[in-house]
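Dropping the structure in here first, questions after.
Note that the chains are named A, B and C in the order they appear, and that numbering of residues resets to 1 at the start of each chain.
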Amino acid sequence: MFVISSSNLLRVYGNVKLYPRYLSKFIPRRTLLYVPGCDERKLRKARKLNVDLVAFDCEDGVALNQKDTARQRIREMLDCRSWPCSRPEWGVRVNAVSSELCYMDLEAILSGINCPPCILLPKVNTINEMHWFADTVSNLYSHTSPINLIVYSETAVSMMNLPKIVNAGIEIGKHSPLNLVALVMGSDDYVADIGATRTKSCSEIIYARQRLVMVAKAFELQAIDMVHIDIQDLDGLKKTSEEGAAWGFTGRQIIHPSQVTIVQAAYSPSVDKIKWATELIDAFRSHQELGKGSFVFQNQMIDMPTLKQAENIITLADATVNHK
Amino acid sequence: MFVISSSNLLRVYGNVKLYPRYLSKFIPRRTLLYVPGCDERKLRKARKLNVDLVAFDCEDGVALNQKDTARQRIREMLDCRSWPCSRPEWGVRVNAVSSELCYMDLEAILSGINCPPCILLPKVNTINEMHWFADTVSNLYSHTSPINLIVYSETAVSMMNLPKIVNAGIEIGKHSPLNLVALVMGSDDYVADIGATRTKSCSEIIYARQRLVMVAKAFELQAIDMVHIDIQDLDGLKKTSEEGAAWGFTGRQIIHPSQVTIVQAAYSPSVDKIKWATELIDAFRSHQELGKGSFVFQNQMIDMPTLKQAENIITLADATVNHK
Amino acid sequence: MFVISSSNLLRVYGNVKLYPRYLSKFIPRRTLLYVPGCDERKLRKARKLNVDLVAFDCEDGVALNQKDTARQRIREMLDCRSWPCSRPEWGVRVNAVSSELCYMDLEAILSGINCPPCILLPKVNTINEMHWFADTVSNLYSHTSPINLIVYSETAVSMMNLPKIVNAGIEIGKHSPLNLVALVMGSDDYVADIGATRTKSCSEIIYARQRLVMVAKAFELQAIDMVHIDIQDLDGLKKTSEEGAAWGFTGRQIIHPSQVTIVQAAYSPSVDKIKWATELIDAFRSHQELGKGSFVFQNQMIDMPTLKQAENIITLADATVNHK
């Protein structure tokens, strides 16, 4: 395994201007696995999986008549301190603000001594929902540690208003414990909302997926891609995961443990890529010292943009090296 | 033919939360056929075609020196009450506000005892045009029945400003008889406006078509897709119609009677799809009663989003069952 | 070679309404070639190439320790009047406003008797940067002739805010010598900024490229497409250039003289296209005189949109006929 530490990175660059956003502490979220909050067996099993983020689900994965059970199970897990563990990161997906179930979810998970380090908020359609959520969390939460927030865009109106919603999400961080870190592409809800059909090619959501990436990255957030609901189609899972990674998504949602390995791999840089990036950064430094701006490297004309792509690869490799 | 009525639908869902927007009265507009307003023979013939919506055209399908004739013919059709008939729905495509021909069109069609139930307004580029149009219609129209409004986006500036234009279109409904029901993708004008070339793959308008769907659905409107101008290419017509339906368009424009059958079929749910949706809804209800949120159905992990896709299919099947 | 002059164009149309934006003086920018500002040999060689626009680069093509040399070389070229020549058009790509190098660039190039007719401004992310740039140019520039301005969108935040940035770019033209004429798709910086990977298919930037075209054309600007950094892959260069032209881009960036011929050809209308457009315009005129709006021409149903596409082809052919 090819390893470059952060301190090595600084050495490699020499006096070339650094890009701080890519070098700040980076928690990879290549896989986001849902576990129904009411299913104790699956909850306990999830902590042993090699995923980056586990969401205890109170929302779509839990039937209406099991919502209370889900809240209790999650509360019990929090109280007995079986979580947190150092890895995977974990959080609770509450019900949407518009569902009128969200308050009860928050009351349950924010009431005890232990609270989740991350909340996943689905179906955010308006700025007002962001404000209601921030106010409610602030009222219920009595600790001082920040809570990571992950927001879902799952409808046409949400996608249309996404820049404004995310801007509100950043703003609420100034007067609440919430720290917006990622956006999720709620692909199947979005497709249902626009009356489309999910196809193998995913051509029906090119616009929405690439728009979500643009908005996420404009606010320096991670972008978590669509689910793959055909759990037997591992080829399709691999193909769409690799496409998502190439499009700028930093990870994707998974709905079954069988999807873990393929998705983790697709969102991790390959050994070849890391080698290419390291050599390119080295060549770039040499050429800068010689006073040459752009130069040819492996048939490609290289200047700053390609350097930045190489930097991204090394940053990700560095962040994920301990948990392939 | 597999039939589910609205009352059946309510029964099927039981106590699962309903999504009212998909269950409100739904007028399908799978086919929007243009007939030149000056061509009496084609106008009379159109009422016998199995299309969902016929537009009597005053705009691009009518030469400049025939605009007066078109207005007169349409006025005569309205006066002799040969229309309305119960089906197809019909309306008048007036000239764009910016053309300076629009006032004369509106004067002609809104002056008599009978008025069209629907107006199609092309090339809307600004909010001001929406306001002028609403004011003019309000001044000329002396009846109390609402008029359905269908708005075209056909230029770069219109597409860029589309959320604001549609919002204005919704707002004018509060103080005018106009009721915005659909957006139309003016594909060929858009392509000309951006200096692009229409290709078989339609790759040049992926962004614009999917943006229009997003905005339409964000405001709960129908989305009517591009024309297919090669009238001999029925394979291409079928392929692009099926793609449009999969992308969330609810119908498309047609320019020749030979295009009717293929397009109607592409925008109607197949018997297989209806069967899948019905069985899925049934399975979903059973699992909810057993307290299971998500479950596996035909290799797919099912929760709320897929249920909603199934709902859409049944709603459309229900609305179109009497006029395949 | 098939030639139609502007005066012929007016004759061809007869009394059909003209579309002034396509008939105003049109400077083609099919190829935008970068030459490092510090490389005197390449600068002198560039004027003999058959490209539409040469950019003397102070930015990414110039190493940090060569920025001063680049400014001096460009100042010398301006002083010795070896430029301007009538063709190619030329300009200076300064460093981004955010780089803190931009002021020194502007001081060098705007200080003498001769100034560049065009400035290319990379990495514009905010409206404030546009205002700073306009104020700085106004203060440093003592001549009365306008300076063409070409603005780059190269980050997620820039792409998200592009309509507002371009609107500001138009506004600053009212109180500064700057005349915004084109937008550039900074593809490789954009891809690095969103953490994506450049692929052969370019599928990762469909949204961004088509959004840039929409915004450019909404403000009646030219749209200059991505670079192709694999300088040996001429097939890929041809394919992506033809696609860009079909999508509404008016030209693209090139980074090596070997790319000139293929790109110039891809953005120029073919003899067949010009023949098609001329015959279609002729047929359209005849049908309008006979009072027919739409008609069938080579299996296609023709009305105004297709006429406009034909107009675009003739306008471009007319503008580029003297420098194929």
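The rule is short, and it goes like this: contacts are C-beta pairs under 8 Å (C-beta built on N, C-alpha and C of every residue); 3 or more make two chains touch, one makes a residue touch a chain.
Not measured: the values here are computed from a predicted model.
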Fraction-based call for chain C against chain A, same above half, different below: different
Turning angle required so that chain A lies on chain B, C-alpha fit (0 to 180°, nearest 5): 120
Inter-centroid spacing, chain C versus chain A (mean Cα positions, whole Å): 37
Where chain A touches two or more other chains at once, by residue number: 206-207
Residues of chain C touching chain B in the complex: 15-17, 163, 206-207, 210-211, 213-219, 243, 245-248, 250, 287-294, 296, 299-306, 308-309, 311-312
Contact set on chain B toward chain C in their complex: 36, 38, 57, 60-66, 69, 154-157, 159-161, 186-189, 191-199, 203-204, 206-208, 227, 229-233, 255-256
